[in-house]
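Each in structure tokens, the structures are laid out below.
In the two complexes that follow, chain A is the common piece, with chain B as its partner first and chain C second.
Now for the complex of A and B:
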């Protein structure tokens, strides 16, 4: 039994880290703009598809595919921000409108990808070969194991960016009090562009790493958005520690629920857990930033 | 380049539609053009075989019109996307019937078939579905008078036989898609196994969109079955085979027929070469068309149909789908011809007397059976040299 629980925990942690990074990306945009981006999963998809084109069709080296995926993710983020969000902003719509706008963007990106690349799943080889990593009868794919250092590096990088760089600090300031940030000369429009570009780039990098594990195709985006969003609100929307902890909780509950309780109700168990968590802690586990913002 | 191929495939599919329209316009004076609904999942989680179903049916309709197979009648398809969703399938069917369709081919999914059954029957428009019939497919008479299916209804028997073949298998585990199709087949396998004294020691479900089945496989691993049967489609069979390998599970894995919705090459690519040695597949004849024994009654037809499909769309069929829809269109044409009428009720009466050798099976309908194909439609196959070949 210990072996089963160990295996389920390892799977849950790795799944959870992935959800956590996507939740962080949702948080980056939310903090800068108050918008919940329902096209977040499409960035993951686009990163995977871009890397697939470079590796499989253009026979580019892996590093170049990774760089291209990140660049394309960032560019897509910028384009969406300028074409959709910034255009809509001029009409000062309610925040709810942005949610539907990003949902619309998600459907358009998904359909365009389907038209260009068809409905078949796209995949390329794992970076470190196919042999699994085994420890005491607990195993995982080498590619999944790569997610651990990737997520840690990404989270360290983002923490540094938000704690020590001018733009990072500006984003945090704007997240707490947008009006105050404007008064002290912070260009909130630039922050919005940066948030979409950064969020797109990081999600696309996750897509690049995930494609050898999960495959990618036009339709995978929404599932990542939903799990990432669940992780974000569980941890406390906009709080990066919360996003990671929320992701881990969801990943572990999903894995233990499917393996020990019932795989038939895997998602039901996960979302029931999220509902109970939010009833007990309505602002998520790390509510500090949310509360700080609400006080103002 | 695959992108170019994908685009050329799309162009070819659209051209084929135009070709059908041209054909309908070019028929001699005095012929009648009748509309039929063609419903398939052109988007959604089963779009890879829904697209093939559309293309397979259009290929057949084009041949039917060109060869004047129904004297004096030209078929005009109304192509609609069922999105892999029963509600969308019902809306599409209503739309087709409202536009004057005298019969419907499709939809893709078993859930869609179930949703359409009562509407087809209420509006008295025959529906030959690509999914399984709703509950109790063996009920006599069939639950819905105008709902028929081309998909083999005894896949469960074929899957279990493949799992039991060769080795001393006393226990099995099931891992299945939680959709209506997966439920239906896995329930059938459990029933068949119990009747044969085989114990089902684990039964785990996953969603069609799942990418990590490690929790389910971990539960199965601890139950120590002799063989595992996977029922599902899209990317999941490849992911399951690979994740079994990663978990150090070496049992025989039988992958149920429709699983090959993405094709053998893609499956092998997802699973990886190390994960294939214990994998067997129950397959449809079209998936092993060029390694089938020549004595097989489907052999000759498939040698013509698959190259024609490749010529029209620039790629081979993915697996299940193209042949099923191709046969469904010809079965309908055969019924219209025998009915000598385009009246839906008369067509249904003719469909109930169907005996038509197709590429999938010897399709037979009767007032007592609305499932055209049975377990003998399936063949056991394995991957060799990156391709699916006939034999255990």
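Now for the complex of A and C:
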């Protein structure tokens, strides 16, 4: 029993780290623009599909597929920001409008992918071969294990970006006080573009790493949006540490729910947990920290 | 209700009833079975469209989960008529009771949320309902669904029946919209503190709107079950919830008529483009984005939008000066 739980916990933590990264991506856009991007999961999907095209159709090397996934994710982010978000911004619509808008974008992207690549799941070989990694009776596929360094590197990189670079610091400033940021000469429009590009690129990279494990297809985006958002809310929207902790919680709940209760009810358990979290702690675990920031 | 406002309400409701009668009779005598079927589908979907209009237009709350209430209505009708031998009307009433009760129970905690929090919560709720329908096999038949639900009859009788039902509901909605209740509901979206100071509890009104929207959607679900005579959990997915949202947004959220117009336009898309049926989800996505970017007040808001644009053009021509950039005014903080 202990081994089963250990196994489930390992899977949950690895899944959770990934949800955490997606939650951070949602937070990047939220902090820069106050918009919740309901098309976030589509970046994960598109990253996986782009890599699949390069690897299986064009026989490109792995690193090139990764670079292409990141580039296409960033480009999609930019296109969505310029074509949709920036156009809508001229009307100064209520924030609710952006929910409908990005949801519409998500439907368009997933359906276009369906017409281009069909409904079959797409997959390519794991990066390090098929042999599982075994440690103390707990085994995991090598691709799952790769998620750990990937997420840690991404989180370290993003932390560095937001703590030490000029643009990262401007983004944090705009999140705290957009008006004040404008006064000191920060171009909020540029920040919005950067946020979408960065967020798209990182999410697409996650999709690239994930495809050998879960496969990718046109319809996977929404689940990632929902779970990423669930993680973001569990930790506190816009708080990056909270996003990672929230991701871990969602990943573990999902893994334990599927393994110990019922795999058929896996989604129901995860989303019931989300609803309970929303109702009980709508501002997330790190609520006090976020509130403190808002007061500044 | 009295005076000019009362007369306007009566006139609008009568106009709707007249229109419904004309459509029902015209359809009965002149339409082919194919178009009658399209008509039933449009009439059926105009109820969830109205439900979401109430919720967003009055309570300012979005829902991406109303397919769940549609499914509750459909399954209540299917289970009570095929397993318990109930009358279809009793089955539909059972659906109304269950949907209303579910909406009341989840509405109380959930409606304190708003914006993206509520959007996610309603999505999550709909996913849970679908998982339960798929797995509660003894009751719902699981993935195989339920067959042999009593039929509404030929498309001709079904059309007349459904159009009249929808007409009566819409006429009632128009009447309520212009009444004191309608004004209270409107205040809900405007200023809740002022409302609370008049001794009206916004939270309970909001829950009531949510329950009403669930009930309307459940009625449509019952119609769906009896019209198709077969149901399975598959169609009650996120796409269906999005379809309802699309109808409401396309029509415009300004008045009850918007929900009807939106349902007619969006509901006719798959029928008119029947050879491109696979593209319908894509078209809904494009419709949402295009409407919000080009006509944020929906089809119903287009005349006003045009009038404002024309007035601005006239002003520019009269003054002979350089036109102001669209973003210029909006960007002033």
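Throughout what follows, the second predicted complex is superposed on the first by the 279 of 296 C-alpha atoms of A that agree within 3 Å, B and C clash if a C-alpha of one lies under 4 Å from a C-alpha of the other, contacts with A are read in each partner's own complex, and residues count from 1 in each chain.
What we mean here is this: a residue touches a chain if its C-beta (ideal position, glycine included) is under 8 Å from a C-beta of that chain, and two chains touch if they have at least 3 such contacts.
Here the structure is a predicted model, which is why all the values come from computation and not from measurement.
Visitor: Looking at the overlay on chain A, is there a clash between chain B and chain C, or do the two fit?
Guide: clash
Visitor: According to the stated criteria, A:258 is in contact with first (chain B), second (chain C), both, or neither; which is it?
Guide: After superposing on A, A:258 lies in contact with chain B but is clear of chain C.
Visitor: With the two structures laid over each other on chain A, which partner does A:275 touch: chain B (first), chain C (second), both, or neither?
Guide: It touches chain C, and chain B stays clear.
Visitor: Can A:90 be said to touch chain B (first), chain C (second), both, or neither?
Guide: Once the two structures are laid over each other on A, A:90 reaches chain C alone.
Visitor: Scan A:165 for contacts with chain B and chain C and give back first, second, both or neither.
Guide: Touch partners of A:165: none, neither chain B nor chain C.
Visitor: Of the two partner chains, chain B (first) and chain C (second), which one does A:103 touch, if any: first, second, both, or neither?
Guide: second
Visitor: Return first, second, both or neither, reflecting whether A:134 touches chain B, chain C, both chains, or no partner chain.
Guide: first
Visitor: With both complexes superposed on chain A, which partner does A:267 reach: first (chain B), second (chain C), both or neither?
Guide: A:267: touches chain B and chain C.
Visitor: Where does chain B run into chain C after the fit on chain A, at 43-51, 115-123 or 205-213?
Guide: 115-123
Visitor: Of all the chain A residues, which ones make contact with chain B and with chain C?
Guide: 111, 115, 264, 267
Visitor: In the complex, go through chain B and note every residue touching chain A.
Guide: Chain B residues touching chain A: 1-3, 6-7, 9-10, 43-45, 47-48, 50-51, 178, 204-207, 209, 211-212, 214-216, 218-219, 221-222, 234-235, 238-239, 242-243, 245-248, 262-263, 266, 269-270, 272-275, 318.
Visitor: For a test of understanding, state which residues of chain A touch chain B in their complex under the given definition.
Guide: Against chain B, chain A makes touches at 1, 3-4, 7-8, 11-12, 15, 53, 56-57, 111, 114-121, 123, 130-132, 134, 137, 139-141, 213-215, 217, 219-220, 223, 254-260, 263-264, 266-267.
Visitor: Spell out the residues on chain A that touch chain C in their complex, using ranges where they run on.
Guide: 36, 38, 84, 87-88, 90-93, 95-97, 99-101, 103-108, 111-112, 115, 179, 182, 222, 226, 229-230, 233, 264-265, 267-268, 271-272, 274-275, 278-279, 282
Visitor: Applying the document's contact rule, which stretches of chain C touch chain A when the two form their complex?
Guide: Touching chain A: residues 56, 60, 62, 64, 109-110, 112-113, 115-117, 119-121, 123-125, 127-128, 131-132, 134-135, 238, 242, 245, 249, 278-279, 281-282, 284-289, 292-293, 296, 326-327, 330, 333 of chain C.
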